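Shared between the two complexes below is chain A, which has chain B as its partner in the first and chain C in the second.
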Partner chain A sequence: MATKKKPSSDQGSSSSALDSSRWEVSCFWERRLQKELMSLMKEPPPGVTVDAEGAGQNLTQWIIQMDGAQGTLYEGEQFQLQFKFSPKYPFDSPEVTFIGPNIPVHPHVYSNGHICLSILTEDWSPALSVQSVCLSIVSMLSSCKEKKRPPDNSFYVKTCNKNPKKTKWWYHDDSV
Partner chain B sequence: MAAANEPGPSRNNEEKEKEKDERMFECNICLDTARDAVVSLCGHLFCWPCLHQWLETRPNRQVCPVCKAAISKEKVIPLYGRGSTKQEDPRNKVPPRPPGQRSEPENNGGFPGFGFGDGGFHMSFGIGAFPFGFFTSTFNFGEPRPSAAPRGTPQFEEEQFVSKVFLWVAIMFVCWLLMA
Partner chain C sequence: MGNCLKGSTADDISLLRGSDSTRDSSSSDQLGPPPPYQESLPVYYPSPNVSRPVTQLTEEEQVKIAKRIGLIQHLPTGTYDGCKKNRECVICMIEFMINDPVRYLPCMHTYHVECIDDWLMRSFTCPSCMEPVDAALLTSYETN
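On to the complex of A and B.
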């Protein structure tokens, strides 16, 4: 991108600094991630909390705590989502996986934490955000009728790449 | 808009207004106030550099990041606010022009709808209803249709045949569409 970016020493970290020194921050994607982090901290979607400290230290990798929504099969459960961002963000989708001890048992979630969700690859759009991805995942979990792994789970987990974005997903279930 | 370039009488006021409206005029990609703003026909606001990069990212599938409507360089409108100093078309600056001329995408994002997926097939159903009767009566000369007892399930056979005819009609329809 050929925007006029001035490399500078003061990378605004408070929100006011961000607002005033628009073109002072060196990277486009860092700036946008800062904004997203702020808004996620200020008004998080229900059941979603971001590890702001970790994300603040390393903007390229966020850990997000997600609670199973009330009245769904996942009520009372806690999950951890990991977001990894490339310098091409937001034009390139983030790499999103479930991590930690509790991977939700869901027909679109493999036991290694990979998620089969079209907005994470081919349907990604730069107007989406961490917040909207979290909401999509919460609603994907909430609409589940029966807790089970995907039918090809064991094969996929054995053969897949570590990065879920390298998988050629085949989206078939439009009901979610 | 041939608005004059003279500065407004109350700069302070303008500043305040700007701050207040800032969130309303955020670019949908960088989440900042849109700079070199352009608006798509579907009404979504972007910085031109941001939108340009998105269009370059997927040159074969240029869709609006917000609503996924078809979008292209020619179909966005530059916005010239009164406060802006230069009345230059933002599309002419910052990024290099997209290489080559691409034809504009079809209304609904082009070909996927015309594959053998759901959309295209249903559409040809209505139009193909009459020709299909015509074809069956023409091509079916060998087999006595009403009886056909020994074959077990003639309906099954016929269904297969009909589906082939349909495929044919669909292909013809697509060809016709392309020629027209």
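On to the complex of A and C.
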């Protein structure tokens, strides 16, 4: 990856990433992220809010507020998701973690915010999007029957890489 | 994205594009399919999530990639005719424009040639239905 550009340096200083005139100079992943950002702002899925200003300033890192769905164990709770995109997006999956003070207590969510969800690594497809990832995570939380951490939480959190995509995940439990 | 489709150092890459170049810089207007990410050396994906510059591939990986390029070439291409069923390339999320070069997968999902070829070099599955393309190719040979 000799010429892997640092995405943040691509951001023009004068115009925001949401400015459509920037489309002329932006490349593949920027264009697609701008489109996704627009549609997420216009028609967000229920309980999902994107920090559009932050994402507009730095397209490679988005913060998304997620409300626990009504009628689930997470009703009334608020979570923050962080999405990081590489210039290979959407061919490479985004790096998605829970951040902030409230990390959902869930059998597939580690206390450091890492999420064990196959579409974030080996089952990723470029037809997926920020919106579909958010919906999958909402649905993963909603189907939870008992709030508890993964059984290997303390070991994993001590030994894992900062980037959850570096983890060799074992996906075995589709029930929650 | 890894620029596995263009690069002066690897002449076999032209195979992927077919004999007639699907697009040149003059025909790509601002809203057309976007240009691939530029890398100095072509990078290949011997298996998903494993990327290596062309110079660091094992012989086995080179064979696998050459086979993959050959298979991709067997997938039909065309130009977008305004068909209402496929309005948008879900990879770049840009609406097809008349005469955009497109590739049809055996599952009948359609993408910009440039978008889907880049993905198929990483994973030989349809992004929309996850159908393995090689299995579907074989089935289509058997039924025809």
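Everything that follows uses one rule, which is that the second predicted complex is superposed on the first by the 151 of 176 C-alpha atoms of A that agree within 3 Å, B and C clash if a C-alpha of one lies under 4 Å from a C-alpha of the other, contacts with A are read in each partner's own complex, and residues count from 1 in each chain.
What we mean here is this: a contact is a pair of C-beta atoms (placed from the backbone, for glycine too) under 8 Å apart; a residue touches a chain by one contact, two chains touch by 3 or more.
Everything numeric here is computed off the predicted structure, so don't read it as measured data.
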item	value
Which of chain B and chain C A:Tyr74 touches, first, second, both or neither	neither
Which of chain B and chain C A:Phe91 touches, first, second, both or neither	both
Which superposed partner A:Phe83 touches (first chain B, second chain C, both, neither)	neither
Residues of chain A touched, compared between chain B and chain C (which is higher)	C
Touching partner for A:Thr121 - first (chain B), second (chain C), both, neither	second
Which of chain B and chain C A:Arg32 touches, first, second, both or neither	both
Doubly contacted chain A residues - partners chain C and chain B	1-3, 28, 31-32, 35-36, 90-92, 125-127
Residue ranges of chain A touching chain C (in the complex, touch as defined)	1-4, 23-24, 27-29, 31-32, 35-36, 87-88, 90-92, 121-123, 125-127, 129
Complex contacts: residues of chain C adjacent to chain A	1-2, 30-31, 34-41, 43, 48-49, 51, 53, 90-94, 115, 118-119, 122-123, 125, 127-128, 130
Chain B - residues contacting chain A, complex	28-32, 44, 49-50, 53-54, 57, 63, 65-66, 68, 94-96
Chain B contact footprint on chain A (complex, rising order)	1-3, 22, 28, 31-32, 35-36, 90-92, 125-128
